[in-house]
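Each of the two complexes below includes chain A, the first together with chain B, the second together with chain C.
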Partner chain A sequence: MDFIFYFGDVFSPLSFLLLLGGTIGGLILGATPGLSPTMAVALLIPFTFHLEAVQGLILLGAAYTSTVAGGAVSAILLKIPGAPANIATTLDGHKMAKQGQGAKALQLSFLASAVGGIFGVLLLIFLTPLLAQWALAFGPSHLFWLAILGVTVIGSLDSASVVKGLLSGCIGLWLATIGFDDIMGAQRFIFHPSLGGGINIIAALIGLFAIPQVLTMFAKGRRADGAEVIEVQKHSVLDATRELLRRPRALSIGTITGSIIGLIPGVGGQIAGLVAYDQTKKFSSEKEKFGKGHSEGVIAAEAANNAMVGPSLVPLLTLSIPGSPTAAVLLGGLLIHGIFPGSDLFDNHPDVAWTFINSMLVGQVLMCLFGLYVAGLAARVAQVPQSVMAAIVLALSAFGAYSVQSSMGDVYVMACLGIGMYFLERFGFSAAPLVLGLILGPIAEANFIQGGMIADATVGKASYFLSGGLNILLIAVVVASIAYSAWMELRSRRYTTKEEAQA
Partner chain B sequence: MNRSQHILGSGLVFAVGIWVAWVSYTQQPAEAFLFPRLIASVFVVLAGWTFGKAALGLSKVGSGVSRTMFLNMVPGLAVMLIYVFWAAKALGFYTATAIGFFILLSLYDPAPHSEGKTWVKRMLVTAVFVAVMYGLFAKLLSVYTPREILF
Partner chain C sequence: MKKLIAGAAIALMGLAGAAMAEEYPERPIMMMVSYGAGGATDFQARIVTMTAGNEDALGMPIAIINKPGAGGRVGWNWFATQADADGYTLAAYNVPHFIAQSIKGGVSYSADSFEPIANWGADPAVFVVGADSPFNSMADVVAYATENPGKLTFSGAGLFVGHHIAALQIEKAAGVKMAYIPTKGGGAAAMKAVIAGEVMGGINNLSDAYRAQEAGNVRILGVADLQRSDFLPDVPTMQEQGLEVDNSSVNFRGVMVPKGTPQEVIDKLAATVPAMFANDRVSKKMAAGGSPMHIMTRDEVKEMWAAREQTLKELLAGL
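After this line comes the complex of A and B, so read on.
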């Protein structure tokens, strides 16, 4: 129950102001189609340099939480999901808005998001210390396999092609080796002076997540987006609360599904929302109403995508393994303040860890309160032409990358990685495993070298890295995640072929 | 999608993989390249597999870049490259941002170019945006950016 002791810190004036700003800003950014939560958090990192670690994390955590919820605004009022996590919300939310129930849909989405989100953060609070203690038993070989596991799980589960996902992870691991070797001081892959100090993680994150979105907006050309905001009539929040309480099945299925999916590294909010929607429909006595503007569809989807936020941080805070691309960006935010997740975080920086987690709990309530009032404004912002949005994101990316170390080299690296990632994405590669490779590469290498030294002095490399219960378990999970994804890919391809044959 | 695009894309990745492997296995001291060797081996195998599939026309994932998309993107990409690799340093961040931002708005704004009102609006949006960036980065965060012309 350590978290209770640090609750007051959330309400210190600057921390609370940042929490408020992050929540309101996140709601507006989340409602803007094309700006993903990951990109929003990546663009915010440079603003945290001048803050204390805990304040920086509060800002990033608030933005993460509220961008996911804010995405529901454009999903409901514009039929454009603000983020992939809000796809399922569009199915019934937009229909409700068209039937004149836009305000009710928005209220239900924020209320359900808050319930799901609070449950998710409570899971984070109670699971994290247990797992952090368990992580103390990890040696270099286990940490090496954990880092590899982080890359392969996201590479295989988060990508349309297993091979391309794993290849993206390999590219990230290779990029992490660029620069001077820590032990021998040897130059590795430095083919341009800008790379002398290695690839700066923040510049890379901004480039990999923001620049492809800018180029995607450019590729659409000079066309009006054509999205029309549906006007919302007034609706009593009390009535919406009663409606939510009348739908406990949708709320609990959404919350539990989202929490479980959030704990699995690599499985994002998009899947959480869709799975919860599907399960709620299966168990509902009003199946026929789904897809026609049914409140249960909105409740399940939004409870799920916010419930996954807290649990998705469990592997990050305990084992240093980010469970999602946004968690990877948060890891970047921790590392720039010299804080390493794991048991060290809770032993040496309990104030940072618990204040950050508590702020996410308070943030859920603020998100719900402000979401109900900011929704109208957020929907207007979502109508900003993509040309303006692309230019804003490009300039913010350049300034953000430069401000990391006041180096033009970081701006060049950001642009090159971003342009490269855009084309890689067009060929089926994915940014998430590449980013994880880049972040986990140094952890994997450090433990590989350290483990190698221990192995040379004791049982030999093969025995050290490939034997022992925990090593075998981790290797088995790596192999199983790849095999499962490959099997799913083959199965869907076979079905596609069969459908094509029938057509 | 165009098969040749897949071959080109995966061929480039394969070429990078071969270069990484070559550097990892030939550069000294060998101890510094132990981990890169491990990665490079997997990299080359996966990139070779992807290239092989593309060459055989079996690549299914990825829709490539259509001619329209490419032509739409080229002007914006050119402005981005000039802004990042030349203008930001040569003209100063804020001057380059103002010029780049205005050009991008002019290139991609769906509002008609023939109306004077839209040009005034674009100039106003640019001025407000640069002022916000200046206030945020120069004043609030105290980030010193290269300043060559004006500010």
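After this line comes the complex of A and C, so read on.
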């Protein structure tokens, strides 16, 4: 119960002020396209040079929590996912905004974020030693199967047909091979110097999601309905809370999936939202509503990506291994004050460790409060005429893609992918499976090759990848997931033929 | 955000024409780091440049810009081909990384594309094993590898980086074959593989390994450097354990400018930057973070680059 003892420190005037500043600043940074949580935290590191260790970490922790949630704002209103964590939020969130329910979608996303986030931090507080063992249990073979599990999701994610979903997943897998391969040192498909580092995932996200939408808006031209103004329905927070409580399944699946996936080093937040979204869809009684502006989709995705924040810090705080890029930046923030994460942190600097963790807990609540306030204002974005909106989104997209690595190359990549996606969308392909392929490709490939190298030197590939409890469990889940998709596909076909026969 | 604005401002002013040496520097300077924000190079670059704005240093702040990708190749390619050679664009170098990459080819730079200014840090590679490993010295490792050729798995951060060089040197010195497993995701992923027991050992940075040993997760068996480290006075070097491994794999970090930068600017930087690194506040912060400092002047760095290129060419010739 150490953490209760240090709760007072969070509320000392300067600390609380920093917490407030970090939360509000984090929300704004998170809502800015292209500024991922990792970037936001990195930008704040220089400010912590002049602060005490505890205060510096409060600022960073608050910013981390709220940037993850802030990403939902641009995902819902502009269809620009600020980070991979927000991809799943765009699927239903933006549809809701288009139907005039932007305020409701934002409120739900912040409430779900807070619930997921608090659960994640509580896990971090109570189960850290146990979770650390878990995080280490995932070796190359397990991460490979986990990535394959993600691939099985591709077919059913946000697509009209399984075949088109798989096809766009394949395009994503191919795009992922571009660049220098870290493990074998090979150069693949580098037909332009700006592709040397591979396709940057954030630039790709902005291009694939935002640009087709901009082109569609421009394509409408100056017709009268181009200036159509969407009515924004007012939505009270109380209603949003009630809505959230009526969806316990989406909320709990999102929270639990996010916590488990967030724990695994190297996979983390990138796919937590998407996997939670897909699971919720599979267990939901209203499957057909997903992708058309269904509140469960937003709840699951946002609960998952904030639930991942707490557990993603477990490997860093206990073993001194940063499990995600953001954790790596936080490590820098600790080192600069001479604090080494690991046993040293909890034994010799408990005030730093626990105040930091507590501040994330309080930060979740503050984030939710400010988020709900912002939701009311921000939803008015939908009232901007479309021609103006298209220009704003285009400008933000170019700015976002450039700011990731201060590189014009990323802007070209964003533009090319966006234009390509515009045409693909006309043929019924969608961006989400493509992005999933882009994210999972490198994880599956790197772990397969690495595991293969270890296996060749020791027990052989077959027994390395196919034996052991965790491997078999993951393979079983993969098989179940494929079987379920196949079964659903067959069943829906039977229904459609029946309906056609009746008609 | 600040960085971006500073970067944009610098880029704009770069177009306005070259301001020359007497007043140099008369506006903020940009320094490119070819690794991501939060990595060891980025972290150290931010610390060593934090006093640049002081009157006794450059009198102008240095803004860090990250251009990560492909093990540093993206950033250095940009620096060699597109950066302005006016003294307002600096870059951090990592030796042996960029020299090894240029020897293997596929990049548009070599050691001749850049002019060194000064070196701030030296992070040797070390051999680590899990806390419960049966190996207690490099002799145990070599003995196991001799009995089981190609079966001893050990991790490191990628190919043609310091870790890989150290691995090649150890194999060559001991005359054994081991299974080097390059990881994606840098030293942290390689360290995780050792702690989790996925591999039997690993090469890692001294600074990261020191932290992991303090936390009780690993043991350090040997340092691939010429002398013992101040951080690890009890850990013998490879040479002390009979393995002829020199300091070729030590990760030297420092500052450089593109070829073609005016000589007066280079001279001014070469004179002030080492003193800037030696600042008290800088060395305190670096020591607190477990980052070993090693300040070298421009001439010393030039010598070091040439020597590195020689050894790396020989070592990588057979690959």
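A few points about this structure:
Convention: the second predicted complex is superposed on the first by the 269 of 503 C-alpha atoms of A that agree within 3 Å, B and C clash if a C-alpha of one lies under 4 Å from a C-alpha of the other, contacts with A are read in each partner's own complex, and residues count from 1 in each chain.
In the analysis below, contacts are C-beta pairs under 8 Å (C-beta built on N, C-alpha and C of every residue); 3 or more make two chains touch, one makes a residue touch a chain.
Since we're looking at a predicted model, the values are computed, not measured.
Legend: residue contacts after superposition of the two complexes on their common chain; A:Pro315 is shown touching chain C, with no touch to chain B.
In the superposition on chain A, A:Ile183 makes contact with both chain B and chain C. In the superposition on chain A, contact is made by A:Ser161 with chain B only, not with chain C.
Residue contacts after overlaying the shared chain place A:Leu44 against neither chain B nor chain C. Of the two partner chains placed by superposition, chain B and chain C are both touched by A:Ser406. By the touch criterion defined above, A:Val115 lies against neither chain B nor chain C after alignment on the C-alpha atoms of chain A.
Of the two partner chains placed around the shared chain by superposition, chain B is the only one that A:Phe218 touches, whereas chain C remains out of contact. Judged by the touch definition given at the top, the superposed model places A:Gly342 against chain C, while chain B stays out of reach.
Counting contacts as defined above, chain A residues 46, 49, 183-184, 403, 406 meet chain B in one complex and chain C in the other.
Chain A contributes residues 46-47, 49-50, 160-161, 163-164, 166-167, 170-171, 173-174, 177, 181, 183-184, 186, 188-189, 214-215, 217-224, 385-388, 390-392, 394-396, 398-399, 402-403, 406, 408, 411-412, 415, 419, 423-429, 444-445, 448-449, 452, 493 to its touches with chain B in the complex. Put simply, chain B touches chain A in their complex at residues 5-6, 9-10, 13, 16-17, 20, 23, 27-29, 31-36, 38-40, 42-43, 46-47, 49-50, 53, 59-65, 68-70, 72-73, 75-77, 80-81, 83-85, 88-89, 93, 97, 100-101, 104-105, 107-111, 125, 129, 133, 137, 141-146.
Remark: chain C residues 1-4, 7, 36-39, 42-43, 46-47, 50, 65-71, 73-74, 77-78, 81, 104, 106, 108, 150-153, 158-160, 179, 181-185, 188-189, 191-193, 195-199, 211-212, 214-217, 285, 287-291 touch chain A in the complex. Of all residues in chain A, only 29, 38-39, 41-43, 45-46, 49, 136-137, 139-140, 179-180, 182-185, 187, 193, 196-198, 200, 265-266, 315, 319-322, 325, 328-332, 335-338, 340-344, 403, 405-407, 442, 446, 450, 453-454, 456-458 touch chain C in the complex they form.
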